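Single-structure report; data block below.
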Amino acid sequence: MQKTKVAILGAGFIANIHIESYHRFVPEAEIIAVYARDIRKAKTFAEKHHILKWNDDLNDIIQNSGCEVIDICLPNFLHFEATLKAAAADKHIIIEKPLSVTLEDADEMIAACKKAGVKLMYAEELCFAPKYERVRQMVNEGAIGDIYMLKQSERHSGPHSDWFYDINLSGGGVLMDMGCHAIAWFRWMLKNAKAKSVYATMSTVLHKERTKGEDNSVVIVEFENGVTAVAENSWAKHGGMDDKSEVYGTGGVVYADLFMGNASIAYSKSGYGYALEKADTTIGWTFPIFEEAFNQGYPHELKHFIECVQQNKEPLVTGEDGRAVLEIIYAAYASATEGKKIMLPFAPSVSKPIDLWLGSL
Amino acid sequence: MQKTKVAILGAGFIANIHIESYHRFVPEAEIIAVYARDIRKAKTFAEKHHILKWNDDLNDIIQNSGCEVIDICLPNFLHFEATLKAAAADKHIIIEKPLSVTLEDADEMIAACKKAGVKLMYAEELCFAPKYERVRQMVNEGAIGDIYMLKQSERHSGPHSDWFYDINLSGGGVLMDMGCHAIAWFRWMLKNAKAKSVYATMSTVLHKERTKGEDNSVVIVEFENGVTAVAENSWAKHGGMDDKSEVYGTGGVVYADLFMGNASIAYSKSGYGYALEKADTTIGWTFPIFEEAFNQGYPHELKHFIECVQQNKEPLVTGEDGRAVLEIIYAAYASATEGKKIMLPFAPSVSKPIDLWLGSL
Amino acid sequence: MQKTKVAILGAGFIANIHIESYHRFVPEAEIIAVYARDIRKAKTFAEKHHILKWNDDLNDIIQNSGCEVIDICLPNFLHFEATLKAAAADKHIIIEKPLSVTLEDADEMIAACKKAGVKLMYAEELCFAPKYERVRQMVNEGAIGDIYMLKQSERHSGPHSDWFYDINLSGGGVLMDMGCHAIAWFRWMLKNAKAKSVYATMSTVLHKERTKGEDNSVVIVEFENGVTAVAENSWAKHGGMDDKSEVYGTGGVVYADLFMGNASIAYSKSGYGYALEKADTTIGWTFPIFEEAFNQGYPHELKHFIECVQQNKEPLVTGEDGRAVLEIIYAAYASATEGKKIMLPFAPSVSKPIDLWLGSL
Amino acid sequence: MQKTKVAILGAGFIANIHIESYHRFVPEAEIIAVYARDIRKAKTFAEKHHILKWNDDLNDIIQNSGCEVIDICLPNFLHFEATLKAAAADKHIIIEKPLSVTLEDADEMIAACKKAGVKLMYAEELCFAPKYERVRQMVNEGAIGDIYMLKQSERHSGPHSDWFYDINLSGGGVLMDMGCHAIAWFRWMLKNAKAKSVYATMSTVLHKERTKGEDNSVVIVEFENGVTAVAENSWAKHGGMDDKSEVYGTGGVVYADLFMGNASIAYSKSGYGYALEKADTTIGWTFPIFEEAFNQGYPHELKHFIECVQQNKEPLVTGEDGRAVLEIIYAAYASATEGKKIMLPFAPSVSKPIDLWLGSL
């Protein structure tokens, strides 16, 4: 079988995770081109990862690289343009979360891909993280009876790149950035059951000087099947990345922790190279993690997407899932302002989701 | 110093914890009498714990036992009568949670004690649990900067006694029974900061055949100082008692787990005597706990209360705290029905709190 | 690059782990043939894993399958014959632990491979287990100063296959089966420093009815560089597979746990499919593991070996390492009988290592 | 019942732990006097703890304070003199570990107490630590079948006081200081089964500049009932005090950890007051412990000893137990030099145990 040719859009943090995943674990794919807005970053990335073609010309990479798949690892606000161009060029699309900034964009992206007959594959890695998939498997075997509550949390002390903190670019704060993981995972665990309502509370507690966006949020999603799901997200948690889930059922419980729950425990008087994502220090006690990309499910996810392209299969997680997540995020922002649960469907017209919380700026 | 004479009302689960705590750790107290509604239980309890006087006559025990302090370990619906009688007899009062079934009862109980000049000491042991107090101490030393979020959860698979499941007696389900711990602890950690609003969602997921009361709840309390507090409570969690807290601050985090986080880890092919409260089995892996009463803070709490009586000091946790907790519980039930956050103060007139969720029955 | 053709010898537990590892993670290899002593097992294995050629004729598989590499996943006592035949047929060799039953066999196997110019690659997966490699990396970055003590333990409740329990086939009990992992890992962590002496104590505590071999052992290896290393191994530990290491240094410590330290935590009233290797039950609390082969390092190890063949590189772990491990195992058995530390080198002539403990039978 | 009058000898680290234990948990005792070699320390201790009589005159405190019990919290090398004087004055004795420096001293101390008809109560707190006692209880209930292996370890980064590092005063290094805990606990778990042989390896790895004594040791004690017991002790482990045990049986296992296994988990950017004994820092991740004295069993132990005096009962842990521990320590030092297991009984005449390892200095 010929390798599937992939062009990566983006040369930042997540693009690096994707390419490590492809190179180590997805031999069915070949990364043939990279685009970045900054041509020096594109060059550096290409040289580091042995990619032949690199450019700051989006059209060129999409249309002329000879790729079959576009892997969009760009900031939120660039998802729309990249997707439409890729669809117009008949390229299948892998797209990082969140799907887009607005529901209108999401709808247009989904429609464009449908019209072009290309797959829009939503890269929510928690649906593939092997530890969480193990949990889902045992739950489906009846280990805990019927699920009645789900909890998922992702926390760290804040992203590095500036655009996250500019709500006009990002569309929102930590809920937009990390809450989408929890929401997608809830739907995934419940076999895409319909969400019924959303309640949220959020605030800016640590990065007040840097952003108007929320950096701590709690979101309660209620599903039509009776399940209550609680998402906790924070850019205000020191000590390193944290990603945990809890499943409560009528016949038992399962707790899974992707970082501290997978780590070694080390005490170092003097420190060392790297402990884990967003860790402040390696002096004293640390929880060094290993195989971070693998343990978060990136290779499994990308392998699946490439297989879908090769075998013309429906991907397990699609643009529609991404849209459903974004709708719940909209409702969460609105709820946080109104102080009441918002019923779904909910699709007001705003230029960015956080306007529903802060009012438009 | 003379020992303070205490009469215990109740001979059930919590009365046993109290008396173990007194006998092992509070030599300043002497338990001289026990009351139970069932005289055989009073007798058995008295014999087991070497208490001279035992009775099913409440008035007799309160008025004639010669006690200085009444320790109320009775079900919710008996708190009111016992408190008023104790106050009328000029006895100081230790009272288990929740304070009462209604806010009206609470107000009357507080007033009666104030008028009689007796202390109404609210027995919320989480304010004394040594592990949680260690957390509070380091937080007050600045370990984590400013608190922005608190979480507390208490879960097991349901109480044994039938009255819990009869909402006409208990006043509510798991929120009434265990959510009061979290809510009291939030106020305690925040130096009795004022709660501003309450949002809750709850359902009956496991004990549907046995009760109309909620057996799983999530409550979000927002405080005037900006802190968000999330209480999770369940009577639907198998595997043994669970009691955990998490403190999030601008300078760090602290996680404390009173049960699994204190336990040994054991694997037994054939099983053994007792692992921990509400554990279903001792076969396979278990988390056997030790010194359960001590680790939950009961001795520390009771020692403090007796000291307050002996030294005529203000107790750290009072009937007013219990009332504040009950008010938040009221708001939580109302919120669960209305689907919106309820602002405080909130003091509607109902015959029991859960009527605010279910409507009156 | 052409895929490297591999023939697997063996169709049991470890052969299945190897083939899962090849198929999922080592696309550079192609498994073209399988040999088993029982032709039905060979057939079943071949059909399950889509292998074209299968046979109970060892010579045929080695000589005629067209393979370049022979992967020996057979019981200890068949390692010698298979290796000599593979070397005689100019095939590179991957060989599972322990290398052989006797040092004489080991020397002959190493010599035969050297003479034939083929690689003898010793498959000690702990040298590749990603969590342990992460530990080694941080240790090499100076995280804990100078190592002064190492501990490694592997325990479960006993292997399934009967041959393990027949010391005339296996050569020894748990030390032979699992102690080799610890000993190899010690050498690996210490950059193949020379072991100086060995002390051991062992006994048969659980499987007395089934074997004369030891099922619990403690081995202390002292290295010339001053490091003390303690290996603890057991076939008498209920509750599932356990694999842990501890590194002590003048500047810190690191603890790594491959199973319980990677697992989810689940409570199931009724049980479910599979928790982890050698777990007795899935009822009650369990520690379900995920990606077991990956987390133990099998894919990393096999990928490395295939790379060595393709690039004609020296493998990181060789037959010489396997021989060094076996020598230490010899010394351990002798020490257990003599009650004193045995100095290295130590190469007495025995028909099987456990004779040094039990006397020849 | 009258309070039992106790005079404490010593005003250092362990004396402070004892007095906290008495004051908080042993109301049956009254501490009426304190002796220290440095009169300023005696005064400070007395003022801090409200003790009426304080002195640097040992005879005076023993003979004239009016005490019934002498609690010896002095360094090793002062145990002998204090015990003989206390026995001569007809005082019951509580004595901290290790019992004495030499076996001859131990024998004389035991004889003197027997002759005087006073109790010699060996303060090995691990025999009373509630978590470990919980383990012992479930083991005695049959939870794990028959014990075949015990492990116990105590580690930190080295004591503060200088005398520990002077082997002429201490008699030995970490084995003498902390290994006695493990050895006593092994005997305690096995109902004082007879130890048969001892093997040890030890070295000086961290405190080479400061002491000739061993600062890291591994000791294997084999018991006549077939149990293997492994004690690991270190003064070279950074990151705070560590105290763990593991029990392996034919029907299961139990793991208990007194420090990290009881702790909260905290991340602090800036640090705070105190985490746990011997912790280097409170910045970054820490494991703050609570109720340290209680969790290590000091109150339980002292309460038991005072009860024995009041009720004229045999203490659970006696001078004979302390002597048995010392004998095993002797054998361990000899084994470490000879490289072979030493059979018991073993009572060579040396001026200090470590001479058996280093030769006399």
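Couple of notes before you dig in:
Per-chain residue numbering starts at 1, and chain names A, B, C and D are given in the order in which the chains are listed.
Operating definition for what follows: a residue touches a chain if its C-beta (ideal position, glycine included) is under 8 Å from a C-beta of that chain, and two chains touch if they have at least 3 such contacts.
Since the model is a prediction, treat every value here as computed from it, not as a measurement.
When chain A is laid over chain D using CA atoms, the rotation angle comes to 180 degrees (nearest 5). Chain centres were defined as the mean of their Cα atoms; on that basis the chain farthest from chain D turns out to be A. Chain pair with the larger contact count among A-B and A-C is A-C, by C-beta pairs in contact.
Centres computed as Cα averages put chain A at a distance of 54 Å from chain D. Centroid to centroid, with C-alpha atoms defining each point, chain A and chain C lie 39 Å apart. Annotation for chain A: residues touching 2 or more other chains are 238-239, 251-253, 267, 269.
Per the touch definition, chain B reaches chain A in the complex via residues 146, 148-149, 197, 199, 201, 203, 205-206, 216, 218, 220, 222, 226, 228, 230, 232, 234, 236-239, 248, 250-253, 338-341. By the touch criterion stated above, chain A contacts chain C in their complex at residues 25, 27, 130-131, 133-135, 137-138, 141-145, 251-257, 261-273, 282, 288-291, 294.
Listed in rising order, the residues of chain D touching chain A in the complex are 238-239, 267, 269, 280-281, 283-287.
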